[in-house]
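Lettered A, B and C in written order, each chain numbered from 1.
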């Protein structure tokens, strides 16, 4: 399948009062057409920063892409001027943010906010833009779209607002949709509806989706592939099946063990003790060492070698090394 | 900006995978606390605030200026051979000289001496206004916020009405009635001045009241006044201090303003406002020093309090840090 | 919304009533005020006074009749200038003061908002620090100091503009500068901090993600929201400008309402003080009321909030 996004060795830093925070430290990711990739990890692991970097939406200053490339189709987004990247934003790549309560401008009508992207990027009359917006609201399941267009965001419920946000993101028919924790702020029942909506939209439009989340339940429902991030690095990536049934990194295993699962009744929930490392001065070895139940001396000192386990599954962990396997066997 | 490359490996650290010694692959003995190492030392709220304030050059300059001004207000007149009200007519309107550092005014009074007397009055008015506002505002706002419900409703209605009254007009009206003096000026400034403080305190209290530690105290049957004193106040101090710092320049300005309307401190006593008002004619006569010194000190003092207040705001409320 | 306006309206009436009452009883409390049967030197004045304030009637009746005269906008005679009434002074002074005030608020708003927005967009850059230092200075330098400063430098030393009176547009520039700088500084600081906050909002990120131009993001999405706090302090600013006109009109010898008010204070012309105070207060409270309504119109959330709330 055609690769539409290819992130190579991405580094992002933030300059703060306390020093430089290396939020993303060499991330490699790719995405195919029509695929859903989930980026999973604890808060502060760099997943949102990675997502925001794609469209150069990290606040700069203090944020800065210090190294690496992001190829969207055949263009390197990191090298694009602000003016050029604006022609990509909303048209080729769209983004949805976490909290639908704050993602819409409270003082503008929903219709205005829906159509402004269209008007900006496509030569289109107000009337046509409105028609298209109404169509879009229909698609995302807003009843009475024509009347609703004239209303303000506060007149909608949280779930409805997230639908509007999704409609807004899709209105220019982008090829890639980045959703940053799109369901975190919603009630559980609404969450399910929104996830269903994502599935439906992908079927209808063939859009590729990057889903940022810390919620493995969400991932299980819609992701094709999963990338697990920790302390600014992708430590394991694989298909949904591989990650859920054959996780190799102790952190991935820990994540799965700390989530209640209906299919494994009776199993006790095992939390991951401790907190992620301070990214002001990231450890030179594997960042998970301090919390890892299977840590070895090597982990503390050298960052693990990247190991390809299958066509799709890759992991950064010393346990994959033959020498480690030898000790465990004995 | 140059990004520091983090290639600070030890000599022992092998650079390729194959150089790693085998025994490094033994499972590690877990030390119990390994996962929970805290790196940075934790500072108390006030230490942290002080550290941040010290880092703010402008605010510190303001603080130093105010300390010096306070010292001069107390000791300045002592070192001067002149008195505040005694004029010396042959020496009227002299420019600054070795005898009269800031010159003399139209009655031959020493501007240097009068400036520090003016500082006493201005600082006294400002500080008293801030302190009285503090007591009334904290009591009123604290009770309204803490009691909540109907009490709060009634108390807030009263505040709403007081807030609608034009502050300086009420002050002027009161002074017309009471007659201008140091005491009446402070009274007039505080009659409605505390409203801002009360609003802030109430808002803070409402917010903090919901916190668990207050609920915990309540559940132990602690008395209301004690809860306000022990739990609520320490946690609302930040915004209160900022508000007080910003009340002082408002009061200093108001006093000077009133002097301009002939409702300030009465001659022969000096306040900066009185001195500036007396000196208004100098624009035509060219005796600039008579206007310059009081005007400069009013502005500099207000500036110092404003930057200090801004600095305190940044230092005490890191969330709002810009 | 209607309920909100009605509530605000009654609050406004109540405030005006309180001020009028306060003024009446405070003036009655002063020894030597016209209410305490002090015979003024001028017989015409005395007659006018007694007629207007009904001094021959008992106090409660006086009070009621006084309230009535306020409702009919009749503020009575001046006791120092027998040929004048408070109304005639207001009629002459108000248009001039209003002209000064309107220009001042316009200048303060336009320059303050511009300064604040620029500072916010260049956050932590030199221009931000410069703008904010200017703003703190603007807040710290009292308007009467600034007034004398601009007269000295621009009018006397450089002879660029006239120093006093109110005869031509050139005469208006210096007083407007002196009066507008303070409010401008307050507006600039508020705009900056509120703009900075608005710029971190998610809907700004959404707008950026849509590929809108920075100009459009600032003007369409950020500015309107960022200016809400500015609208809320407009009332307070107006009060400041209004009281500021007292000293500015005095210093620049502008024959506005403030000049008559200050004159009234200095001469203890009590009916003038009373009348102007009540007039000023009514004007201000009315402005506060209008600002409140304006806020409701600008922020669509307030309608629902107020309807559902209470």
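Things to note:
Simple rule for what comes next: a residue touches a chain if its C-beta (ideal position, glycine included) is under 8 Å from a C-beta of that chain, and two chains touch if they have at least 3 such contacts.
Note that the structure is predicted; figures quoted are calculated from it, not measured.
Two chains share more touching C-beta pairs than any other pair, namely B-C.
Located most centrally within the structure is B, per distance between chain CA means and the overall CA mean. For this pair, subunit A with subunit B, the centres built from the Cα atoms lie 46 Å apart. Rounded to whole angstrom, the centroid-to-centroid distance between subunit B and subunit C, based on C-alpha atoms, equals 25 Å. In whole angstrom, the spacing between the mean C-alpha positions of subunit A and subunit C is 52.
Residues 11, 13, 15, 20, 22, 64, 66-67, 273-275, 278, 281-282, 284, 290-291, 293-302, 305, 318, 321, 323-324, 326-328 of subunit A touch subunit B in their complex. Residue ranges on subunit B touching subunit A, taken from their complex, read 1, 3-4, 6, 8-10, 12-14, 17, 20, 22-28, 30, 34-37, 39.
Contact residues of subunit C toward subunit B in the complex are 11-12, 14-15, 18-19, 22-23, 26-27, 29-30, 123, 133, 136-137, 139-142, 144-145, 148-149, 151-152, 156, 163, 193, 196, 239, 242-243, 246-247, 250-251, 262, 265-266, 268, 273, 277, 280-281, 284-285, 288.
Within the complex formed with subunit C, the residues of subunit A that make contact are 55, 57, 59, 61, 86-91, 94-95, 97-99, 102-108, 116-117, 120-121, 152, 154-155, 165, 168-169.
For subunit C in complex with subunit A, the residues that touch the partner chain are 124, 200-203, 205-213, 216, 220-221, 224-225, 298-301, 304.
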